[in-house]
Each structure stands twice: as structure tokens, then as C-alpha cells.
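Chain naming follows the written order as A, B, C and D, and within any one chain the residues start at number 1.
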């Protein structure tokens, strides 16, 4: 089984590396050359175009957003190159509408489409410990399960429609945004009463909320450490917007999502879009007149 | 050291029992007789009035809300009965304003006031594993620390003003309400896309959100099991209102708190106030037209 | 018919003056002496206490809020002084709960209670052009209608319960707050796109929104003129809070009210509480990064 | 001067009729034949294609949304047909992004682009009393001013960029949505206190809010008359979404817009999307448990 891997960013690069170390044959392509060259030393075949990389049995893409994925995979002929019977696994976080669109394009080229977005940042990707949220044809998923087993610690199945994995991923990112916003508001409240945010968040994340989402973001908020960003606020806003679109498509009001969106926009208006998403705590503090 | 214990509800009763089993001398009083009688068998002195129970060195109160606490402790003469040099520890969740008021009343009677609200439900209280959030004079707290060590697994200190412990407790309950509302909205989103809430919440609470707050409420939402209530929705609303008041006193906008409040009010309009607080998921589902 | 008039602030003073000019016999009382003295020259009997002023057939009060009204009317013995068969008309904006409370106190003293809050600022009061929102016993209202006809241009009846007039008044102030917030957000939007707020608001208030509420506040926002205040932002916040309480008492979610409240709190955190309520436009502009 | 008119819906048809009656030469095109035939009797030249209709000096389009406008004007060759020096006036409510896009397409074909969305429904259009919001090159606007004078009672200028007229129009529709939502919430509040909505809204729209926006929608809400729709709720939602996009493009948080959107989505989930936009009052009533 030959794998094509397109998109070697901070997530894609360590994922591809893990596949190479598990002795898979890999075609790789990336817009900038450096990440591909590093993988070449581990045995990857560096390709000159997406179409060349797509001469494989299973194509994995891990690109930034809908527009770039459309351009690289459809625009540059990768889909046609993939050919009959191949599988395209899109592991990036994209929109529900785009998922429909790509599924249709894939089918028109005889290609099967799987959505498999992941939970976990680049250190988790490097450790092969991602949580993989997938949806689509079960037989297809069974065929690529060995790949998922290299990349992640667990695969979660959300239904027969690829859009369902996308929805679960967007819902999970909404949960993260909600956790951040709740900590942001609670921290402003306790700080305004003279309690260091670290004291409150330390207690919270040692007791009822001792989970990775809270421990990680809680520490950033306690220390007001928003740079360098692990996940940029403007990307958080993008995912909230995608969650709202997925919600609106099925008539689901999400007032928490609306609050997060408005506060992200406030952050952007104050040049905080390239800070860590946890900088929502700066918005809450600023609105409260806290320094 | 003689302890008076007033308020033997689902939390107070097991707390008093733990103190008796640690061989403290206890005066107890409760509006209804039954819980006091059970403690009498363990050695408690059952008193006829709050004032009689307050003939002690340390008075602990665990009453339902501001109004009842004011009536029982101030209205029935318990404070005067306590007398010079005694300590009153209020372990219930009350408002910031009320805390100021009681502190003043206590001081006027030569009594020192400590706020020490707790995290944990009645099973946690029974196990002596509460988390105790306290604030006030450190020397005083040191004197009652042995009592806290019986009642809880850990004592958290939030500052020299009793209101600070109250604020931390209200902020913690706001965090719980936010976790519930986030799960409610996310569950509506995934359900509307054909994904069982249990699948999504199961994944979530096994990974990024594997903390007691999420596991407990997540399971209730997944199973749509809102009765009998562990913590009633109307009491959740009450605490959110108290958090908003504490926030407004220091000019802290809390838009998430506003959303939770509005949705709790929606629940009350549909006779869901006596269900478990997690029934906010019913509101989100109803608004989305889900059954 | 002898009228007692208590509370000679910016609204009460011109109202009392209009009654004197219509040849009513007036007892007046005010905390500070100056406004009463001015009325004395027009024939008013200046009283030394609320109780003395209340030796009359109809008592009108126009005091700042619940607490002051309770203190002056109940605390200082005015109610007892009023005596059997008298009518107390409260024309201030107070809460629904307080209205219940005063109604009970009045009844216990053989006094009939009417709520009659007004729409209009002090220039409207001076012109005798207030809109009077009333509720209560119709026969009682008929008896005081001649008074209302001096003070206002029209009397609006909202039901047999005094709380209903209060509710209508709070709902009207909520409408004003909503108009301000909508103009605040729309102005931020157009300004961010390079359109002067005055151009947009000028068009709006000449066409679909050519009503006093929009023309008045719209001009203040267009000119960013928030001082001196006609109606202080912190009083606007107070009325929104009262509207929320009236709503919560009947299980009505009001998400617009929640937004207004949060934004007023934001304003208070930036020392804007004593500006005109229209300064909500400063909050919207600040959040958008506009100067 | 020959005018092409494309899009003869409930707004376009009476606008085209007014131009014919002012003796302009008109090419007309519409997807369905009937409205064009009616105009033929008044002297219009009915065209077989958008491209044929666009053989003119000034092209006016009044189509449903971005997608249909793009398809009809760009997709069917109307722009190429217009040719050098011609003017395209888009009088429909479209998005800011789309306006940029069409401006670029127009310029590439030597065509000048003007945005001129209108305020007013079809009866206002028939009376030639629209308010026309325009933006773009002033000299161009001067050339088409005689056309605007036939169609509308007043032309409002918002700047040199066509997007500015679009922004002003979206801001105006946001103002309408806010007025509706405020009346919806206030009506729920007063109804819950036993006051007929008609009593409250009648008072309001006779006094502080006696403007067309409030009188029109207020009467619909008072009478709970949401069908047949004058302006469908789902179109209101579409415009709020466009306003949010215009806001987000310039980093303007609009929490009122977020509330309106969430409540429109709630309405859609209850099959109320094809009712009048004022049916937001049904959402507020339902959430409050009112019948």
C-alpha cells in the first residue's frame, strides 16, 4: 500500500514521519520544500506536484482550510491522479459544506472519501497519540485502520456520513472555546475580587476540572502567556464560525458559540488574533477594566 | 472545643456525623427533628433553638440560602448566644452582599466570621472528601483547620476577606453551569447531524474533558436522565444570579453567565426547575426542534 | 382635595409646580430644602417631615428608587399619617417586588396604592406632557384623573394590579435601552466601513425610525455627546436589572436585556456610569477598536 | 438613455413600471415570463436573455441574492454585453464581499458599478417613494440621479465605495431586526404579567416609538399576524448573517445581531422560516411558555 501525504505543516510533518517509521511507502508534497526534504532522509519520495503525490492507494491531506484544500487537491489534479478505487482521507478541520463538495468531487473520480479530523496538537501527533474522529463507510475505515493505529491512540466512529466526523470535530473545538471563555470570565470575576487567577484556576483544575483541556488552557490564562501561540485565536474563530454554519444547516441555536465569536472579534479588533486562543481572557479582563 | 452545627440537610447531616465520629462535642439544631435525632445516637446534643446550639466555641452553619441563614442565625439570637471570641463558619453558598452583612453582625457581637463554602455533593461530604474554599483571617483558619481536615480532603485559601471564598465558590458553580451549557449545545449540534449524544460525549469525556464535572453531567445528558435531581436547575439559576451580582459589584461583564441565566429561565417556563441542572440540555434540544 | 408631594427632584419639582399652577393645595417635602422653597413662593406648604406632608387626601411620591421610597414613606411614618381612605400614587420607576411590598404596607394602613410611572424627561414634565402609565382600581384612578390630566398628555391603563403599570414602564425602558444598543452596534459597523455615524443615523431617523426615542438618542450618538447626561447610564442599568427581575418572576428569558446589562457593566468598568445612557455607543466603538 | 432592467420580482416589477411611466426606454428580462409581459403592454422591450437586456446604457438589477445575481449577470454574459462606459446599478441587498467581486468583474468589462439598495417594501416601490442608499463615484451618481428620482423619494449618499451603501443597508436591516426582537421580548414580558401585547405596543408606538418600523411590525406582533409574510423570517436571517459578515470583516462585535440570529434559527427549527420576520415574537413567547 502506497500512501500519498499532502500538507506537511506542524501537524502533517510528524504524522508523516510516524508513517515512515512504521515502514510505509510515502509520497509527500508540500508548498514549501523544507519539511519534505526532512522526510526524504527518512525514505519519503518527494513529489513535484500534488498530482504526482497522489499516485498512490491512499491519499492523506492535512491542509489549512477549505480553500487551500480545494485548490491543492481539486485545482492541481490530485483527484484525477488518484484514480479508481483509491481512498482520500481528509484529516484537516474543514467545513460541513466543503465535505459534501469534496465527497462529490471524489465520487466523480471513482475515489472514496473519508473524513478523519484529529484531536491533539503537534506534540501529540509526534507521539502518535492523536484521537482520530472518523465517519464514512465502515469497510473503508477497516482498510485504513492500520494507518490510524500508527497516527493515533484511538479511533472514534461517528456515522456513515463523512460530515458526521467533521461535525464531531467542530463540536469538540466549540467545547474547547467554551472552556476557555468560561475560564476567562471566571478569572476576571475572581481577579476583580482580589483573588489571583492562578489560585482559582489551580484549585479548579486540581478538582472538578482536572482534565487536559482545562489544565492546558488554565495554565496559560493563569500565567497570561499567550505567545507563542499553540493554536491561534483567529483559527479558533474560524472553527467557531464553521460550527455555527454546521449548526445553522440543521437549525440549532448555539448562544455560547455566538458569545465566543463576538469575543474573538473583539480580540481581533485589538490585534490579538495571532495570540493563543486562550487570549480570550485578555478580552474578559479588558472589558472589566482589569490591567 | 465545643462545636455548634446548624442546618442538617443533605450536606450538613453527613458533615456533622463525620465530626462526631472524630470525637468532637457537638450541639446540633435543625428545623425538622429527624436528622438531629439520628445524630443524637452518635453522641450529639440536640438543641431546642439555634441560640442554644450556639453555646459553643465554633458555630458551623450549612443553611439553604441568604434569607434562611439570616433568619436562623440573626433572627433567632444565635449570634448573641455565641459570644465573645467565638468563631462562626458559614459553609453554605451565599451571596457576597450577605457575607458582608453577616460579617458586620458577627463583629458587632464579638464573633469572628469565616466563609468556607464547599465543592462536592452529599456522597463526597459523607466520605469527608469535600474541597473547602475558605477566606478570612489566617490565624483563625489555623485554629479551625483540624475541623476542615475532618470534613474535607483539601482546604483552599482565597484571601483575607470572607467574600473572596464566596466569590471563588460562585465562580466554580459558574464553571459548572458553563460546562453543562456547552455540552447541551454541542449535544444538540451533533444530534441534529444524526450522531447520538452519548457517542460524542463519551469520546469527549474520555479524552480532553475527562474530569469529574464533565463525566458526571455528560453521563446525565447522554442518558437524558434529569430526575431525581442531584442539584436542581432552579438552584443552579440561583447561583448564577449570585455570580452575576458578585460580578456586577466589581464591574465584570459575564456574557456566558447571561446565556446560562436566560436558558435556566426558559427551563423554568417549561416546568423543568426541579429537574437536575443538566436539563439545560432539554432547552437546547427543544430550541433546535429535537424531540 | 389636598395633595402631598414628596420628592422634588428634576422630575418632581416641575410636576409639583404644574399642580400648584392648577390651583391645587399642596404639601411638599424634599430632603434638600431649595426645591421646596421655590414652590413655597407659588403657594405650597413646605413641611418639616414626610409625615407632615402626608396629612392630605392624595400623596404623590417621586423618589429615586426602592430603598429611598421605603425609607421616606414607610420609615418616616408618612403612611400612618396618610390615614384611612387616602390614596398614595407612586409615580417613580420602582421594582415589581417593591410594588407588592408597598401595596401591602398601604393596605395595612387603610391606604389605597396606585402605581403611575411616567414616560418623559424633565422638560416634558414641565410642559405637562408626560405619558402616565397606570394600573390599579379603576374607580380610584377616576378620582385622581384630574391630577393626571394636569401632569400628563395621556394616561394609559395597564390593568387592575399596580405591578402591571410598573411592568409596562420597565418594558418601555428596556425598549429604549434596546434602541440605544442597536444604534450603538450599527454605528460601530458603519464607522468601521468609513461611514460617519451621523450620515447613517441621520438617514435612519428621517425614515423608518423617525421617532423621538431614535431622534433623541441618535443625535447624541452621532455627536458623541454623552455629558451632561439626560439619563445616566448607571440608572439605565438599574432599570434593565429591574426589567430582568420582573421577567424572571414570570419565567421570561430576555437575551437582549442580558446584552444591554453586560454592556452597561462594561461601561461602568470604564468609568462611564455617569455619562448619558447613549454612551453604550462608546462600549461598541471600544470593542471594535474604533477611537 | 436606454435602461436594462433585470429581475422583475415584487420589488423590481413596480420599479420598472415607474420608469416606463416616466417614458424611459426599457429592456426587461425575468426568469419567469409573466411580469415581463405585463410591462410589455406599457412599452417595455422584453428580452430573451440577460445579455440582450444588457444592450443598454444603464443596467439595473434587482435579483434575490448573491448567487442568483452572479449567475444571471456574470454567468449569462450580461456584463460583456453592457460594454464600455455603461453603468450597472445593483439595487438588491447583497453582501459586501459580493459587491467587491462584482465591482472587479464590472471594471474588467469597462463597466462602472454602483450599489443602490433601497428601503421600502413593494407598496413603497409602487408609489416611487423608496429611500435609495447609494455609494460610488459621485459623477456617476449624478448621471443616474434622474432615474433615482423616479424610483425614490430621496437618495442617501454613503461614500465613494459601493460597499458603503451595502453596509448602510445591512445596518438598516439589522436595526429592523433589533426593533422586532425588542418588541418580541417586551411583549413576552408584559403578556406574562397579564397585559395584552396590543395595549403595551399601542402605547409605545403612539409615543416614544411612533415610527414606521415600530408601527408596522408592532401591529403584526400585537395581532399575532405572521402570514402572509411581507418579509420572510428566513430572509431576515440571511440579512443578519450578511451584517455579521460585514461586521467581522472590520472586527466589529455585534451581540444583538448574534441574539437575533440565534432566535431566527430557533424559529426555523419550528418551521417558522416562511412566516413574517415579526414571528420572532413567537420565539420569545414560546421560550416563556406563553401560548
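Heads up, the rule we're going with is that a contact is a pair of C-beta atoms (placed from the backbone, for glycine too) under 8 Å apart; a residue touches a chain by one contact, two chains touch by 3 or more.
Quick caveat, the model's predicted, so the values are computed rather than measured.
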Relative to subunit B, chain with the most remote C-alpha centre: D
Is it true that over half of the residue numbers where subunit C touches subunit D are used by both copies, so same, or is it different? same
With a Cα-based fit, what is the angle in degrees between subunit A and its identical partner subunit D, given to the nearest 5? 180
What is the distance in Å between the mean C-alpha positions of subunit A and subunit D? 38
Cα centroid separation between subunit C and subunit D, in whole Å? 38
Approximately how many whole Å separate the CA-defined centres of subunit B and subunit D? 53
When you check subunit C against every other chain, which residues touch at least two of them? 247, 251-255, 259, 262-263, 266, 269, 287-289
Of all residues in subunit B, which touch subunit C in the complex? 247-248, 251-255, 258-259, 261-263, 265-266, 268-269
Quick one: in the complex, what on subunit D touches subunit C? 96, 119, 131, 133, 154, 156-159, 161, 163-164, 167-168, 170-172, 174-176, 178-179, 181-183, 185-186, 188-190, 192-195, 199-200, 203-204, 206-214, 243, 246-247, 250-257, 259, 262-263, 284, 287-289
Subunit D residues within the subunit B interface of the complex: 255, 266, 269-271, 287-289
